[in-house]
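Heads up, the next two complexes both have chain A, just with different partners, chain B and then chain C.
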Partner chain A sequence: MRWRPGPIVCILGIAAVLPLIELFLPQPAHVSEAVRGVFLYAILALGLNVVTGYAGLLNLGIAAFMAIGAYAFAILTCEIYPFQIGFWPGLLLTLPVGALAGFLLGAPTLRLRGDYLAIVTLGFGEIVQDVLKNLDVVTKGTQGINPVPAPSLGGTMWTAEDEYKWYYLLLALLIVVILAIRNLERSRLGRAWFSIREDELASRSMGIRVERIKMLAFSAAAAIAAFAGGLSTSVLSSTGEPSNYDFQVSILALCIVIVGGIGSIVGVLVGALVMIGLNSIVLVKATAVLETMGIGGQSNVLLSPNNWKYLIFGLALVLAVRLKPHGLVPPRIERRAT
Partner chain B sequence: MSALSAQAITMRFGGLVAVQDVSFTVQEHQIYAVIGPNGAGKTTLFNAITGIYEPTAGVVQFFDRVVCLTFSWRSAIRIALTSLACALATVIAVNIQNLWQASIIENYVYAQPFPWSNGLRDLFGALCGLSFASGVLAAILGGLAGGGAALVLWWRSRRTPDLIARAGVARTFQNIRLFNELSLVQNVLVGMDHRMRAGFWSALFRSPRFHAERTRFHAEALELLSFVGLADRSHDAAGSLPYGFRRRLEIARALAGKPRLILLDEPAAGMNHSEIVDLIALIRRVRDAGTTVVLIEHHMRLVMGVSDRILVLQYGRQIAEGTPAEIRANPACVEAYLGTESHG
Partner chain C sequence: MQDYEVFLQQLITGLSNGMIIALVALGYTMVYGIIELINFAHGDVFMLGAFLALTLLGALGMEAWPSHWQLAGVAIMLLASAGFCGCLNWSLDRVAYRPLRRASKLSLLVSAIGCSFICTNLGLFWGGMPMEVFAGGVAAAAPKDFPQLIPQFNILGESAIRIVPADVAVLVVTVPLMIALVYLVKRTRLGRAMRAVAQDATAAALMGIPVDRVIGITFFIGGALGGFASVVYALYNNTIGFQMGYRAGMDAFTAAVLGGIGSLPGAVLGGLTIGCVRAMSDQYVETRWTNTIVFGILILILIFRPSGLLGSTRREKV
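== the complex of A and B ==
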């Protein structure tokens, strides 16, 4: 069969040439800087998609794993701690650290299902935030940890001004994550995840070791979320305060997965573009434009679109569930040999 | 050798006795039927046999072997290690501030290399200097909790459906339980899962082994689908199949694990006459391929036509067991289940 580019390749191809837009704009718009958030949230949501989309286990505490990855990365690399293992080893270590955290949360909750599991993961998210806030000997409490080093590769450094370098680094890492998840999805492990989502008892009766498969889903999701956390820390050069990883982040990731298409990689990418694009590009720019026209801003808070964003998110979610219950890009029945 | 032997199976739910003292033996390469009126406990018996329920009393043997995890050295070591890890984690969690302060903060001077040996020494010192409550007590409590949890987990996973499936016993369900959003091939491949060996890392890095296995099992899945007559729809979603096809797909999925014994729960339910004729042929082909078949069925022509032996249940008790001719001649069975024409 002749090779044809799939939707993922198309999206990533467009992303690869996106910064060229700047050449045609009258003034610098920093498009590539604005899109960073889309990439980070896409990685986070891809992680959530593994546990919630593939294995069907509703996880409302994905931000906690992002926080764990962020703090682990910061502690391992920041110069105020003795470890200072450098960007790349630190980023790689977020994966096992996240997986371990996922295992620790997953192990006691294996037998929970649906709502009960959601409540436990929700609680876990709150606990992690509280621990990070109060364990200030280790985590510096609400100050957050900084400065977190930027990546360097073969002598080239990523500084705050190199927006294109950051853009392509994040894009490359997003591609790596997509490839990894796609490889897992199209394997017996991915099939086992789908099967427990569809019917846990039936898959158990077919010889699937449900506990093990669920643990792998939890751990893989947590590892990817921690990876996103470590990466975001490096982009911001600080962990920020623990409440940066609160319930809202988990819900935003969940919205991306649901609006985009639960269980579909393309869906998650589209969802991240729509939701984060709305959040940190469209609303922000619209507010700025209106302000230059003398509308909104300080004079009238009701007229600045940025203040409406949670209403708009809620509306988007309701509309998505109402009109497109399987998301903008629902997963397809796999037609290839998987 | 007997394929399945159930001895004095009793299944009780609170005050309700669903199955009481049922014993039967299925020889290899037989087709064995379990019949009885609705609510007689047939499906409960199947669930007890396949590990979905733990029988209140009685022993189930497959191929003269009780399928059950025994307490081995490996499980003992695993539980002990879990307990130890939990003990250590509890102590560290309770004292993290002290330990971190003593070992890391006090030894680290900004921008100077960290004296790791001092750090480790101070960490050890701090651990030894813990009070009874935050040291020994925390370790004991953590160890007990972790060890207890591991023990309970082990106990509850001694006889699970997946273990029994892996021992070569497959089943279908009365209310069809397919993976509706997966394609037919994928449904069958899930049934093959426990025969596959390529694991997480092979899949992640697409090792040669992964590719070889994928090609082999995919071909086998297609073959199995054509065995049950579904080859032309192999890439459709299972949920899109009409009813009779779903039953056949469930049988294919059950056969995918290369079982030596297959339990079919009402395979003919809701099928029309020609579908039943096909089903009878299929069941015979399965038996001729070397698999022992146990089936629950209401459809008398099917039962009397294909089975070698029949077990009759009523109100959870077994009232007869024998060849179809014996059952047909048994007045108790006729009254309980087959019915007499005179009642109209």
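== the complex of A and C ==
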């Protein structure tokens, strides 16, 4: 049998050659810079997909874990703190830090019913944001922590100008995350997740330890989100202010998962491309174009495409749930009709 | 001011705000009681109600009216916002929730979150309306001043503690509404139908109750209560903004859960508690920690007593 590349390989292959189109464009378009956001959100949404897509637990506070990762990374590596352990150890440590945060929130709350759990995660997201904002002794409040060190590997440094290096670094890390999640998905643990999503009671009677399995999903998602947070901090060389990790971010990640295809890796990649493409590429470019034409800005709220963001997120969720409940690219595993 | 006077003053503020929160919480608890949906968009419906009130106020030029006419103006705003919010909430149910009756609870919640975002965005657009009350439509996202229609004097005369007519107005609007609601749910045919649907929708349908219509009416009533609350809120706090729905919604939801979701007296008790907690935290902790405290309470209740203060194992729904 001939080997045929699956959809994930195709998408990643296209991503790998994408920066080359810049050679054929008349003026620099910074395509690779724009796509970075897609990669970061893809990692975040892949994390959310583990808990919401695989285990069926709605998490509305994924941005909080991203924030925890971002601040953990910044505190561990920034020169104004005593640790300064460097980029790679710092990035790797975001994983256990995120998992621990997930464990601490999940341990008392995971026995709650689905919608209550969703609200707890939402409240947790708000609390984390407030704490980061108010504990300005440690977190520098709304200034955010900066600068954080740039990554270096075998003597090469990533500086802010190296668009392509950053692009390929993020792509490589995205591939690592995808590989890890694919292995999880096909492991005993992954099957247990699908099983509790479909029927908790039946799984329990089959000997699956539901609490433990949920806990692992929750922690794994938190770890991946924290990893995405650490990574975004190093891309921006700053944590940014705490409100960069607000409810909107959690909902954007949720949109990616739901629009793309809940429980499907390809779906999440497609969803990230569609949603982030709309949010930070199409809207931003449209704003810029309108502004050069002299329309928009402060004069009329309707003419600034940025002001349509919430409407797009909202419509994406409502329409996706109503018309395409399994998303643009549904997972291949058979789902029970609900 | 003496220490106890500060405390009493905060208590008055807290109770007044608490009554408003309670009115919004009733909308959450009714909808949750009947279809077990956290109607995430409820807070944003409330926000749009306040925007409608401000628009009416500007369009009719109420600020220039003589003071006893302004009371009539307040009544107009109350009725208009209640009707508007009721219809809006009913339409959300019709368009975004009813088609999902048989889908999973989580899809329903996701749809509600989507509605919430759509309404938030409509509020942002509304804030950009070129009207004088909206500051000419520039800076659409900025909070809007809501004119002081209710006179500001201390009912207690020279006392250090202030009770202003707005405090009384809050009671005058909220208490009769709550009594009417309890009467409606306990004593009328419609209320009985609502309780029946809450208990078992299938059985209710078999008994000839038009389930979808009853649910729609529940949404309407919940929304209308939010509409009344939005006008009272705007008159009491004198500032509105397109993002206030999220905060108000979370406060009210916390109140509903605190009291025991599905329970009408619970929602009122929860609202009063949250109002007082907020006021005390503003005074004795720090304003910037108030939201953290409210969310902390929400999480702790959900963990340790998910059925709330007044909820029991066999709680009464709607």
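What we mean here is this: the second predicted complex is superposed on the first by the 327 of 338 C-alpha atoms of A that agree within 3 Å, B and C clash if a C-alpha of one lies under 4 Å from a C-alpha of the other, contacts with A are read in each partner's own complex, and residues count from 1 in each chain.
Convention: a contact is a pair of C-beta atoms (placed from the backbone, for glycine too) under 8 Å apart; a residue touches a chain by one contact, two chains touch by 3 or more.
Values in this document were obtained by computation on a predicted structure and should not be read as measured data.
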{"item": "Three-chain arrangement built on chain A, chain B and chain C clash or fit", "value": "fit"}
{"item": "Partner chain in contact with A:Q143 - chain B first, chain C second, else both or neither", "value": "neither"}
{"item": "Contacts of A:L189 with chain B and chain C, given as first, second, both or neither", "value": "first"}
{"item": "Touching partner for A:P108 - first (chain B), second (chain C), both, neither", "value": "both"}
{"item": "Vertex chain A, arms to chain B and chain C (CA centres, degrees, nearest 10)", "value": "80"}
{"item": "Chain B versus chain C as contact partner of A:E79, first or second or both or neither", "value": "first"}
{"item": "Contacts of A:I208 with chain B and chain C, given as first, second, both or neither", "value": "first"}
{"item": "First, second, both or neither for A:T156, with chain B first and chain C second", "value": "neither"}
{"item": "Chain B versus chain C as contact partner of A:G56, first or second or both or neither", "value": "second"}
{"item": "Nearest Cα pair across chain B and chain C, whole Å", "value": "11"}
{"item": "Common ground on chain A, meaning residues reached by chain C in one complex and by chain B in the other", "value": "108, 338"}
{"item": "Complex contact set, residues of chain A against chain C", "value": "56, 58, 60, 108-109, 112-116, 118-120, 122-124, 126-127, 130-131, 133-134, 247, 251, 254, 258, 298-302, 307-311, 313-319, 321-322, 325, 338"}
{"item": "Residues of chain B touching chain A in the complex", "value": "50, 52, 96-97, 100-101, 104-105, 107-108, 110-111, 114, 119, 149, 157, 160-162, 165-166, 170-171, 173, 177-183, 185-186, 189-191, 193-194, 196, 198-200, 202-206, 210, 214-215, 218, 235-237, 253-254, 256-257"}
{"item": "Touching residues on chain A, where the partner in the complex is chain B", "value": "79-83, 108, 135, 137-138, 180, 183-184, 187-192, 194-195, 198-199, 201-211, 216, 331, 333-335, 337-338"}
{"item": "Partner chain A, residues of chain C touching it in the complex", "value": "36-38, 96, 99-100, 102-107, 109-111, 113-122, 124-125, 127-128, 137-141, 246, 250, 253, 257, 288-289, 291-292, 295-296, 298-299, 302-303, 306"}
